[in-house]
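Right after this note come the structures.
In the two complexes that follow, chain A is the common piece, with chain B as its partner first and chain C second.
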Partner chain A sequence: MLQFLVRRLIVAILVAATVMTLAFILTRLSGDLAISIAGPNATQADVEAVRKAYGLDRPLTVQFFDWVGRAATGDLGESYFFKTKVSTLIGERMPITITLGLTGLVIALLVSLPLGILAAVRENTALDRVVQMVALVGQAMPSFWLGLILMITLGLQLGWLPISGTGSWQHFVMPGIVLAFSAIPALTRLTRAGMIQAMGSDYIRTARAKGLSRASILLKHALRNAAIPVVAIAAVQLGFMLGGSIVIEQVFALHGVGFLAWESIGKNDFPVVQSVVLVLAVIYVALTMLADLMNAVLDPRLRGP
Partner chain B sequence: MTVMSVTAGPKRGWKSISTWIGAVIVGIAMICAVFAPLLVPHDPFAQDLSKRLLPPFWMAGTNPDYLLGTDQLGRDYLSRLIWGCRISMLIGVTVTVVSALIGITIGVLGGFLGGRVDDAVLFAITTRLSIPVVLVSLAVVGLLGSSMTLLVLTLGLLLWDRFAVVARSTTMQVRNLDFVAAAWCAGCSRFRILAGEVLPNIASHLVVVATLEIALAILLEAALSFLGLGVPPPLPSWGLMIAEAKDYMFFSPWVIVIPGVALFVLVMGINLLGDGLRDLFGARTDP
Partner chain C sequence: MSALLEVDQLEVNFGGRVSAVRGASVTVERGETHCLVGESGCGKSVTALAVMNLLARGARRSAKRLAFEGQDLTGLSDSGMAHLRGNAMAMIFQEPMTSLNPAYTVGSQMTEVLRRHKKTTQRAATDRAADLLARVGITAPGLRLGQFPHQLSGGLRQRVMIAMALMCDPKLLIADEPTTALDVTVQAQILRLLAGLQRDLGLGMLLITHDLGIVARVAHRVSVMYAGEVVESAPTAELFANPKHPYTRGLLRCVPVPGKIKRDEPLGSIPGTVPRIGPGFEGCAFRDRCDFADVTCAHAIPRHAASVAHDFLCRLPA
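Now for the complex of A and B:
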């Protein structure tokens, strides 16, 4: 178990290092950063001043190791536009993105688990096909468009929910629903497949033979086993949702990390862009590690000697 | 030599209505994409400010010349929709070709060679999955300026993960089968075995992955264009059409309903066809 964890940690660190390198290369793709930061009306002297001020006159390798060295100690540099520390900026915006991601995950689980169980219990019936259709619809739904449609219907016409902003918990309901749509197909299919497999296994036959009630067999015995991969994938899905929330944050004007990144791309504020890429990647890696851990904790068979 | 696994039960594959619905939708989309210049009733780029925001045919006050109405600049919505289909399909297919080349190469090498190479392949897949796709594509397009070529290359370089995962796992299964051993014994070269024995046997799985990837690429392109960092205007990408119509959606909701429904139906059709093909081939697409 310990060996497994150490190996996973080493892989995680290597992944983070690779992403850092890629993010660094990415922001240097545009050629001369000093020119783009100085703006279209800048003179040669302005560009030179910017180049000096931001340390862009140093060799690329020096800039790279400087960034890596600082990032390793938690210093992500300073934003060119906001003139504050990038770590502070991300720290301020992160709660909104995390709230959105968790809201989306909870809604997705509340929909997927019952649907998946229902479909498995009524396998190959009309109900099963309806559930699979729901999964297909979720997969094909353009999230930004669903967001706009919800704004028109739930927001404007019915007036149930606020259209945009972050004032209250109600502001997170619509974006949460939209975000949940991206996770519902995978979670529903996995629950269904897990339940069907569990229901066909020997221990369920034993439980039936003992005369246990249907509810007890379903929820206590089958679901416990079917839920293991679902819980693990849910953690990974949360990682994808945090990364994908950039579109939804923009639609609903939620000023989270994704919105920050989107703004910063428009302003050539590359310390922010490369840091958000890095932070999201690290969160994803941490969540997949958490998923493996949960797998091991929930399923004693995977724990090993 | 190919292995057919038969898992098709009743109402699967071509016997299922949903596969046919998918095939018809994809067929219509392909016709629209290929013959767009012949099919459009008006020039999709021609503006006529005297005919702004005409409503579509099911509403009052329509103009029979403009079946789906016009947009905020008086451009024919049906023509832009057909042209947008061309753009969506073009991007979906080209992105998938790029990502298939990368993913299949990586996956087959990892699955076939195993050992250190496979460790490196797994590491590449893990790293790729940890990179937020939308954010990185937005950053690339934002920094380098939007163009179709750049968009296709960026998405292609980011979406190869599923090809790699499926190619790797299916190659591993095929590698240990008897006919591969027979080919080794017959003295076939590594390349001959890869191209002649392994690839044909994993091809059906990869075709199914390709349909899923085309659908995903179309959705991503629409999202990026919606955020203003995808296909450059005035090209009528469906995502861009929704973004441009957003300011008018509270007064005339159909301006975002029409391109959105088109996008949904196309992606749904591709996925239905993909599901049908998966059942037909008995292929696995789960990572």
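Now for the complex of A and C:
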């Protein structure tokens, strides 16, 4: 088990290092940062002053290792636009994005687990086909469109939920539903497939031969095994939700990390951009590790002999 | 007193197309080992699953009489049947490697069956599980209770399955080819264990096998199945000494007996394969492979009694 953890940790560090390198290179490739920071009316002297002030005159390797060294100690630099520390900026916005992501994940699981189980138990019936059709439609629906539809119906016509901002928990319901829709199709299909496989297995026949209740057979014996791939994908989906909430944060005016990234890209505020990429990548890697750990809890065979 | 298990004229078909069991009748008395033999696909496993009401979805069963301790099973609700299963009637399977849930410990899988059917504490259930593991010949039962199935060998897993089946003191144990998937040496151990348990606990046992060696060693009574029918049923000694049905005789010729068989002399075999039987089939299903078949074999076949406890399904006289 310890060996398993150490191996995972080494991979995580390698992934983080790769992401840092890529983020650094890509922001540098987007043009001369000094010119864009100095603005359209700047003289050549202004540009040179900016270049010197931000240390952009140094060789790229020096800049890179300077950034990596600082990032490793938790110093992500200062935003050119906001003139505050990047870590403070991200720290302020992160709770909104995480709240949104977790809301989305919880809604997605609350919908897809029962749907998947139901479809599996009623395999090849009309109900099963309806569930699969819903999953297909969900997959095909663009999230900004669904967001606007929900705003019009639930927000404006029915007045049940606020349509933008972050004032209360109600503000997160609609964007949460929209975000959940991106994960529901995959999670439902996976639950259905896992349950069908589990229900056809020899150990479920044994559980039935033992006279166990239907609830125990479905939820204790089958779901425990069917959940293993679902947990892995759910963690990955949460990573997508955290990193991919840019569109939804825009639509619902939630000032989270996605919104910050969007703003900063437009303003060429590259310390913020590369830091957001780094932070999201680290979270993503951490979630994958968490999924591995949860799988080891669910499946004793993964824990080694 | 009625027999422990009475199966009369059992029919099972899948989707109305394939008839897996066609009017099979089997009776298991209390404390008796009844062997159901036949080649692959003859319907013996389906018969066992039908008795336990464990058939896959899409299978339909019907019977003139299907009763356990005189209680009719055909009219029993799903939950009523679930209260009998694992309790008064238990079953073990051919696949010990996959029959235990990989996600739970041996102990938790064993105790849950007792706690489902009897009022008992977790503590008492764990003690009983440990006792039974020791009873089926597992050393260090305390250690095994905390282990997961993947940490056990096939033979050990089958012992765990047997111990688990005994948790609620069943009166009937159905064993579906319990030794087929095991090494030869382990097969003998498991068989000896089952025979010992059957005798000591006074179990009624329905043992399904295709191995006539097993039959000869443990069965009190044998029913030979062919294409979904019981073609011959007799006490073990009588069946081996005086087989009546041509299929039974063919089966017995396929078994090498040391001393009787000569080197280089081919072993007996039955030509052809088991036919697929659809609805509306009439006559003897064995007639295409039978040396004694004639035109009358295409019509309904009478069941003959060769002696009080011996009957067979063939046009040939007793």
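Keep in mind that, in the parts below, the second predicted complex is superposed on the first by the 305 of 305 C-alpha atoms of A that agree within 3 Å, B and C clash if a C-alpha of one lies under 4 Å from a C-alpha of the other, contacts with A are read in each partner's own complex, and residues count from 1 in each chain.
The definition used in the following text is that a contact is a pair of C-beta atoms (placed from the backbone, for glycine too) under 8 Å apart; a residue touches a chain by one contact, two chains touch by 3 or more.
Here the structure is a predicted model, which means the values were calculated and not measured.
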Simultaneous placement of chain C and chain B on chain A, clash or fit: fit
Task: Quick one: classify A:Gly243 as touching chain B (first), chain C (second), both or neither.
output: first
- request: May I ask you to name which of chain B and chain C touches more residues of chain A?
  value: B
Message: Quick check on the superposed pair: does A:Gly266 touch chain B, chain C, both, or neither? Answer first, second, both or neither.
response: first
Message: Taking the superposition on A as described, I'd like to know which of chain B and chain C A:Asp202 touches: first, second, both or neither.
response: second
Task: Superposed on chain A, how close does chain B come to chain C by Cα atoms? Whole Å, please.
output: 15
Message: Going by the contact definition given at the top, which residues of chain A touch chain B in one complex and chain C in the other?
response: none
Query: Inside the complex, what are the residues of chain A that reach chain C?
result: 201-203, 205-214, 216, 221, 224-225, 298-301, 305
- line: Residue set of chain C touching chain A in the complex reads 52, 54, 78-79, 81-87, 90-91, 93, 95, 98-104, 112-113, 116-117, 148, 150-151, 161, 164
Query: Hey, which residues of chain B end up touching chain A in the complex?
result: 123, 126-127, 129-136, 138-140, 142-144, 215, 219, 222-223, 226-227, 229, 239, 242, 246, 249-250, 253, 256-257, 260, 263-264, 267-268, 271-272, 275
- prompt: Where on chain A does chain B make contact in their complex?
  reply: 11, 14-15, 18-19, 22, 26-27, 29-30, 36, 136-137, 139-145, 148-149, 151-152, 156, 239, 242-244, 246-247, 250, 258, 261-262, 265-266, 268, 270, 273, 276-277, 280-282, 284-285, 288
